[in-house]
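Listed below are the structures to be examined.
Each of the next two complexes has subunit A plus one other chain: subunit B in the first, subunit C in the second.
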Partner chain A sequence: MSRPVAWWLAVGWIGYAILPWYAIEAGFWGFSWLPGWFDANNAPALVQSFAYGRWWLLPVALALLAPLALLGWSKDEPGVARLLIVVGTAGLAWLVLQGFAVGLKGWSFGWMESLFGPLGNRQFGMGYGALLVAGCFIVLLTQGLAGLGYFQGDGFTAGSIGVIIATIAAFVFYPVFIVLVSAAQDNQGNFAPALFVSKILDQEIWGLDCVYSSLRCGVAWNSLFLAVLVGVGTTVLGLAFALVAVRSGFRFKRILRVLTVLPIITPPFVIGLAVILMFGRSGAVTMLLSEHFGIAPSRWIYGLPGVFMAQMLAFTPIAFLVMIGVVQGISPSLEEAALTLRADRWRTFKTVSLPLMRPGLANAFLLGFIESLADFGNPLVLGGNYDVLSTKIFFAVVGAQHDQGRAAVLSIILLVFTLSAFYAQRQWLGKKSYATVTGKGDAGLPVPLPARAHLFAYGLAVPWALFTAVVYVMILLGGFVQSMGRNHDFTLRHYVAAFQVGWTEHGIHFSGAAWNSFWTTLEISLLAAPLTAALGLLTAYVLVRQKFAGKDAFEFGTMLSFAIPGTVIGISYILAFNTPPIELTGTGVILVICFIFRNMPVGVRAGIAAMSQIDKSLDEASLTLGARSFTTMRRIIMPLLRPAVVASLVYAFVRAMTAVSAVIFLVTAQYEMATAYIVGRVEAGDYGLAIAYCSALIVVMIVAILLIQVLVGERKLGRRSAAAPISSEIQGSAAA
Partner chain B sequence: MQFGKIVAAVGSLAVLMGMSAGASAQGSLNLYCANQEEWCRAVVAAFEKKTGIKVNMTRKSSGEWYAQVKAEASNPKGDVWWAGTGDPHLQAGEEGLLEPYKSPMLAELQDWAVRQAEQSGYKTVGVYAGALGFGYNTDQLKKKGLTELKCWSDLLDPKLKGEVQVADPNASGTSYTMLATMVQLMGEDKGFDYLKSMHKNVNQYTKSGAAPAKATALGETTVGITFMHDMVTEISRGAPIKVIAPCEGTGYEIGGMSLIKGARNMDNAKKWYDWVISVEAQTELVKAGSFQVQSNKNAPTHPLAPKLGEIKLINYDFKKYGSSAERQRLLSKWGKDVKALPN
Partner chain C sequence: MTVGTKAASVKFEGVTKAFGTVRAVDTVSFVVEPGTLATLLGPSGCGKTTTLRMIAGLELPTSGRILIGERDVSRIHATERDVSMVFQSYALFPHMTVLENVCYGLEVRGANAKEVKDRAREGLKLVSLEGYDSRMPSELSGGQQQRVAVARALVLEPQVLLFDEPLSNLDAKLRRRMREDIRELQQKLGLTAVYVTHDQAEALAVSDKVIVMHQGRIAQQGGPLDLYEAPDNLFVADFIGDANVVKGELSRSGARDHDAGPAIAMVRLGNLELLLPHRDVPDGPVDVAIRPQAVILATTRPGRTHLEGTISKAAYIGSHMEYEVSTPLGEMFVIDQATGRQQPRGRTVYITFGDRGVTVVKP
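Our next item is the complex of A and B:
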């Protein structure tokens, strides 16, 4: 038997016979179970099944025993591989089955009670032990598949795919399935297909009245229109910023980079608030215009213009982060070749550089489009009467209607939009090759931008950067004045209220109102970010580099959680994880998991965009030299992927710090998140403290981003830079 | 290798995260609070000090709590759901999510608070009341050439076109109270006629019930329709607002409190329940700046708070207009007949 299988079998036995099988009440990190190791709550499965009458855990032991007979055999023997598959599948199936069949009150389903009689026993949510055993079964199954020659016989690839599929099934499909089922139910939980049809065909959703009259259009069209606008807008701006940052002699690149990253690290409703303070009817800009030019103050900002402006501010950085990796990756050799063939600079840009950016453009658009559809904070603050799906969904759940079915119906529509965009993007990219980072000598000089592209990039990026800067000055100032818009006297009271630190006899006492949520947020985000990035990039690697049946469905599954609005994710997590088999509500773990699966798709997209530029021959060279896929990934691909690593780490961290709609249902007194707290302050009209808290968060995130960049480092492509003398860069290899 | 560093950093962080919940001898209580944050904190602190019970308080809006209590029904995590407008409490009671409880303190409460308990089969109780009204920004009103507004009918003045803000009743319980008030005050047909006429003056149907108060304070709108205490909150922060109890009469809300069915700390929950409707607790609330009328007969009222006795209140039928069937009907009628109209 191969080493990984033996290893994981040992892990499985540890999980089954030593660690507590059920979740520990003190939480994932609590070790209070150690003293009472063998009592009914903390005992491992082996003890549970004999001493506490939980006989349904016994068959698990059978599945763990069977492979022991195979020690010493190779997994590539077809017979051994088949047995591994059977054992892994049976073990997993039994775990799931018993988990759903036996719950907190005995049998989970009425028909089981009538069939088998009362159980007289119960079980709680699964814990460490169950987790390890499940992991063991997944490895057995995938190693078996690899042994039969699936996934090119590669154990690492098979295992990765197995783990990704299992976690996505548990933390995306299962909760989403539960919430979508409620689309076809009435408020009492009865099956009502007619109600579903009437809800989904509602005039409020699909009405087209705005085309031919002054009436409003349906909310679906509103969302779609806004998302397309934002998708195109952020892509164009992102491209402009990337060109300025990578291909121009712009002197303030660093400032530009910081400015473009600022909006991504700001809770969205704060941008909305700043936009109101500038362009609202009593806003600073509005007042200036009215005093000097006699333009009457109006409420034009509330509605499409305001939401569009705020979303552009908020999402351009995401497009930028995707585009910058792509623009950096374009091989100068190809551009040089075009110039040598007598194309002028503009033609080179149009026919060589731009087409090579296609994966970046498509991914940037897709992200902007989806972000806009799922965005909740900006439409909430600035939407006016321009309703969009995400706010409608939120208020269908928490508003006066209390209609979860309607929320589920609206979510389905939102999902269909996102998936269509996803499909269209795939069609546009087609099957062309975009690889430009190869193992061959690549010593070209980046071609200076043609005048037109130069003008385009500067003309867009510089004014937008200035605008962003002004917005941030407003936000920073807001924390230091008594009451923004009314009383502009300087004060520190908002910061004192939030972040007061006192000394007591026990040492430092963090007495400010914000500390509790601040520490929790930091902890959860720091845990979630590396896990998110790792899972995202692993998925990207599998998607780009491996061929296997059902790859498209797999890719779709990894993108799904991104397409679902946060509110729906939040509600679905409560519905799915409040009762066994997986009981997570009220813990910090549920927040971490929620962030991982919600933000992973960005890592996937960034990874795919960057990886499709790296020539496969590099991997092949590594594999030919005897490295396994894991080593290849670690030594060859990862260093070349540094921009994507930075992008996904930064994104994962920042999104965990700033997410609102998903976490609002998951926070508890013990695990309160900063954003949920800030929303409460905004609701209470305490803008000063909200803005002060946001400013503090922004500073923390800037520090974190800088740290990430230092830790991960830059990707060093062996190319000449225009300033460097040619002789110092002879090696010409792409590996850093 | 940089990744090694990251892994090490994360690993050491994970070890540092030994989280433990301190358990006190008196046990604990999971409180779902829908009041304003500082009021929640003030009353929780007083309760902890008095009883030694550790309170895990989380604040969310009433609608969010309703959604959460419903989602958690098969394995409740909360014990008491305190404050927030009464309708979601009534609805949760209707759906069997709440535990009936006849508190010995009921005798001390105002009639409207007890009526709420009786109508719901003692599944919820009134903890405060607040009247619906509107407020106007005095600076903005002057610019419009108007001197004062007194009645609901004044809001139909063509000079106020695009100057009135109110929440969307589909999203906000406050605004649903307004819809139900108009129907009860003027009759269904005339009430809807009024809302249709007012629609011409409405600049925005906001999502949150108290949002028009903030917009009025900032001068983003001239008139905002909210509960009167929301406007008073802005006035107490220095906003140029005048708050009005409409001359025709007006409706009101009763804030609710309920015990969650299957609560794990039911005894402590009942202790909280009894205590929070006592004079002591409600005095604490008023001190913390609550501008609502408290439910205990002997509790004081904030000097700035609107006096219910001086307001012409309608006989609001919470049973009928709180039921989900009637609410769905009125809301969908409002959506079709009022909101769909051009401005």
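Our next item is the complex of A and C:
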């Protein structure tokens, strides 16, 4: 028996015989279960099965006993590997089966009750004991596979793949599957295909009344229409910005570059909030117009115009990032060739440069399209009567309707939209957009822009950049005035309300209203970021360095959660993890898990891009020198991957801080997140506090980003140092 | 010298490696005796690297058995084999100094820090790189990097040491010196080494045994002399030193048997008759490989049977002359050491063959 197997067998036994098998209501790490360790709620599986009549946990012991027979056997024996595979598979299968078969009310399925008779017993969500045992079975299974020569005989790789597959199955595929299932059920949980059909064809979703009457159109059309508008708009603006940044003598290029970092650190709905502060009924601009020109304040901004404007502001920088890469990638020599063939500059631009950019343009469009569909914060604060899918899903669950089936149906439609766009992007463009500057020396200077293109680029980019700047000034100033639009006197009252700190005899007392959610957000983000980066980079390692059957499907699975809108994730987590076997709603764990699997794809992308540049023979050299795969990861790959590590950490942290769409379903009073809290303040009309909180968050994130950079540091490669700047890493991942 | 060796044999038994439908290595069997150096030789894409990587454990065979020493390692991962490899790209860790690179293998195997440093320094001394401890790999020349890579592999005293085209990134002069150094080190330390190259001169110069590969299979294996003088097939004849392949007619009836020497047959090439070892080739039409150096050109008609030809191309290479000669048997490539006596184009020459370098090729 090999060392890892022995080790994990011990872990399995700890999980089975010592730790509480079921989840502890008050939280495992509170250790409230220690005194009542033998209680029906806290006991380990071994005790559960004998003392509390949970006999279905006994077979697990068998699976954990069987490998003990191997003690003393050489692990080179093929028989050993086969036994491990059988035990691991059987153990996992049994864990899953019993988990789904026995629930809070005994048998989970009616037909089981009629088959076996009533159970007279029940079980709760699995806890740490079950988690360790499941981990043990995964390791046994994968070590067995490695022992038979799969995965190049490498146990670490096999184990990593096993863990990644298991967690993605549990936290991406299973919840999405539950959404599909519940869409086909009525609210009593009965299978109801007819209801499903009527729900999915609902007039409220697909109605086209707005075309020929003054009635509203269906939400699906609303979402699509908005997404197309935003996709086109951001692409055009992105192109204009890229042309200015790359192809002109513009003197303030650096400032333009700052634009590209902004959306990364701005919570998605903050822009919407700023737009309200400017154009709302009592917004700053509205007030100016009404005072000086007598234009009556109105609510025109709530609805399509406002959401469109906010999304344009929010997502143009993403298109800009994509287009920078594309414009830079056009080889000047091609344009020079066209010029020498007597094409004038405009013809060259039209017939050579633009067609070369076509894949990039399509890529930017699809990204804007997906982002707009998935956006939740801006439609929530600005949507007014203009319903879109993501907000409709939310209100179907939290509103008076409380119709989970309807939310599931809407989720499916949204999912189909985003997945189609995602699929199109990957199949049709994904590969091309990676073609960048080659190592070949490419002499030649970029041809100056023709006058018409010059005018187009400046005419769009400069005003829009100014507008963006004004918006951010509003965000920063908004927290320091009494009431934006009405009373512009300086005040600190919003900050005091949010972040007051008092002294009591017990020491510092954080009495501000925001502290609770602030600390939770920080804690959860700090917990999620390293886990996200680790899982993402591990996945990238497996994808780049290992060959195995089913790798393409594996990659698709890991990238899938990127295309699932946050709202859909949120609803799916609620539906899937509200009942055993995995019962997580209301805990902080579910937030962490949600962040990990939502943000992992970017870590994977950054990791793949960086790891492809590291010669494979480096890790092979390490392996032949006797280092295990894990040591190789730690001592060779990680140090060389520093930039990607930083990028993933930053991204994971920042996204966790700013996420709102999925989170808003999962927060509780105990685990309140900053964004959800702010949205609540916005809905209550408390804009001052909301905007003050947002500015504070942005500042915290900037500090955190700088800190991470300093902590992780740069890689040293001696003379030929080649540390890539972070922004280009994130750029690579955004373009992915 | 404290760097010793635990040299072990390497044995392949019908090993096949398939990538999808491509059989990169196809039912290959061979043995490398302990303490010897074997080369895998063949054109690009013939499966040499794949074979080497299977010895290292970086690829596992699709079928067949691999033994290192007595141990069946067919399903054993690289980390658990006692084999080190010198990579074509050197694969020095760019974020570690020279000394850290050489220490790495010892460290991860858990030797104590003092011993690690001592043995690493010992290793660097073996490759004449004392005093380079704290350089980064990027601050070394190609040849020095190569030496570090060798030292890094050596200090682990592996059962088998592998080289994948270790010299292909060096210039010609350095290549010759490095290959001599490697051979010397291997013999001095009694290492088992497997060496991949596509350069036949390099292979012949350093090996105890050469394994010639062709399209994933072994074309022939044996000592350098065997391969050169008695190629088993046309591929080997042509790949190891050039060869002119001409059609002949073999018959055993007219030939006398020597008392002790190899069985001799008479081979007729046009109007020329040669006595050659028949190598168990049956009577009838046969391919004959003639080394360019074995062709003797004369301007006067020699006494024995000969061929007549015309010089069609001539090139002065410095150390020798290269000719193309049109003969009744076809175009023939000839190397003539006598640079003082250059034959102009169009000259008629008389061709005979030397004692060595002419051989019948097995069908």
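Here is the rule we use: the second predicted complex is superposed on the first by the 431 of 736 C-alpha atoms of A that agree within 3 Å, B and C clash if a C-alpha of one lies under 4 Å from a C-alpha of the other, contacts with A are read in each partner's own complex, and residues count from 1 in each chain.
Note that contacts are C-beta pairs under 8 Å (C-beta built on N, C-alpha and C of every residue); 3 or more make two chains touch, one makes a residue touch a chain.
Fair warning: this is a prediction, and the values are worked out from it, not measured in the lab.
When the two complexes are overlaid on their common chain A, residue A:P59 makes contact with neither subunit B nor subunit C. With both complexes placed on chain A, subunit A has more residues touched by B than by the other of subunit B and subunit C. With both structures placed on the common chain, the touch criterion links A:P305 to neither subunit B nor subunit C.
Once chain A of one complex is fitted onto chain A of the other, the partner contacts of A:P448 are absent, as it touches neither subunit B nor subunit C. Once the two complexes are laid over each other on the shared chain, residue contacts for A:P4 go to neither subunit B nor subunit C.
When both complexes are overlaid on chain A, the residue A:I664 reaches subunit B alone and has no touch with subunit C. After overlaying the two complexes on the shared chain, residue contacts for A:G384 are found with subunit B alone; subunit C is out of touch.
When the shared chain is aligned, subunit C comes close enough to touch A:S629, but subunit B does not. In the overlay built on the shared chain, the residue A:G557 is in contact with neither subunit B nor subunit C.
In the superposition on chain A, A:L640 makes contact with subunit C only, while subunit B stays out of contact range. The intersection of subunit A residues touching subunit B with those touching subunit C, taken from the two complexes, is empty. Contact residues of subunit A toward subunit C in the complex are 76, 78, 146-149, 152-155, 615, 617-618, 620-629, 631, 635-636, 639-640, 715-720.
For subunit A in complex with subunit B, the residues that touch the partner chain are 26-27, 29-32, 104, 187-188, 204, 213-216, 276, 280-282, 299, 302, 380, 383-385, 391, 395, 397-404, 483, 485-487, 523, 526-527, 530, 571, 574-575, 578-579, 583, 585-586, 588, 634, 638, 664-665, 667-670, 672, 676, 680-681, 683-685, 711-713. Residue ranges of subunit B in contact with subunit A, taken from their complex: 2-3, 5-7, 9-10, 13-14, 17-21, 30-31, 36-38, 56-61, 63-64, 66-68, 70-72, 74-75, 77, 87-88, 91, 95, 162, 168-173, 175-176, 203-205, 207-208, 210, 213-214, 217-221, 233-234, 237-239, 324, 327-328, 331, 335, 340-343. Listing the residues of subunit C that touch subunit A in their complex gives 56-60, 72, 74-79, 81, 83-85, 87-89, 91-95, 104-105, 108-109, 136-139, 152-153, 156, 162.
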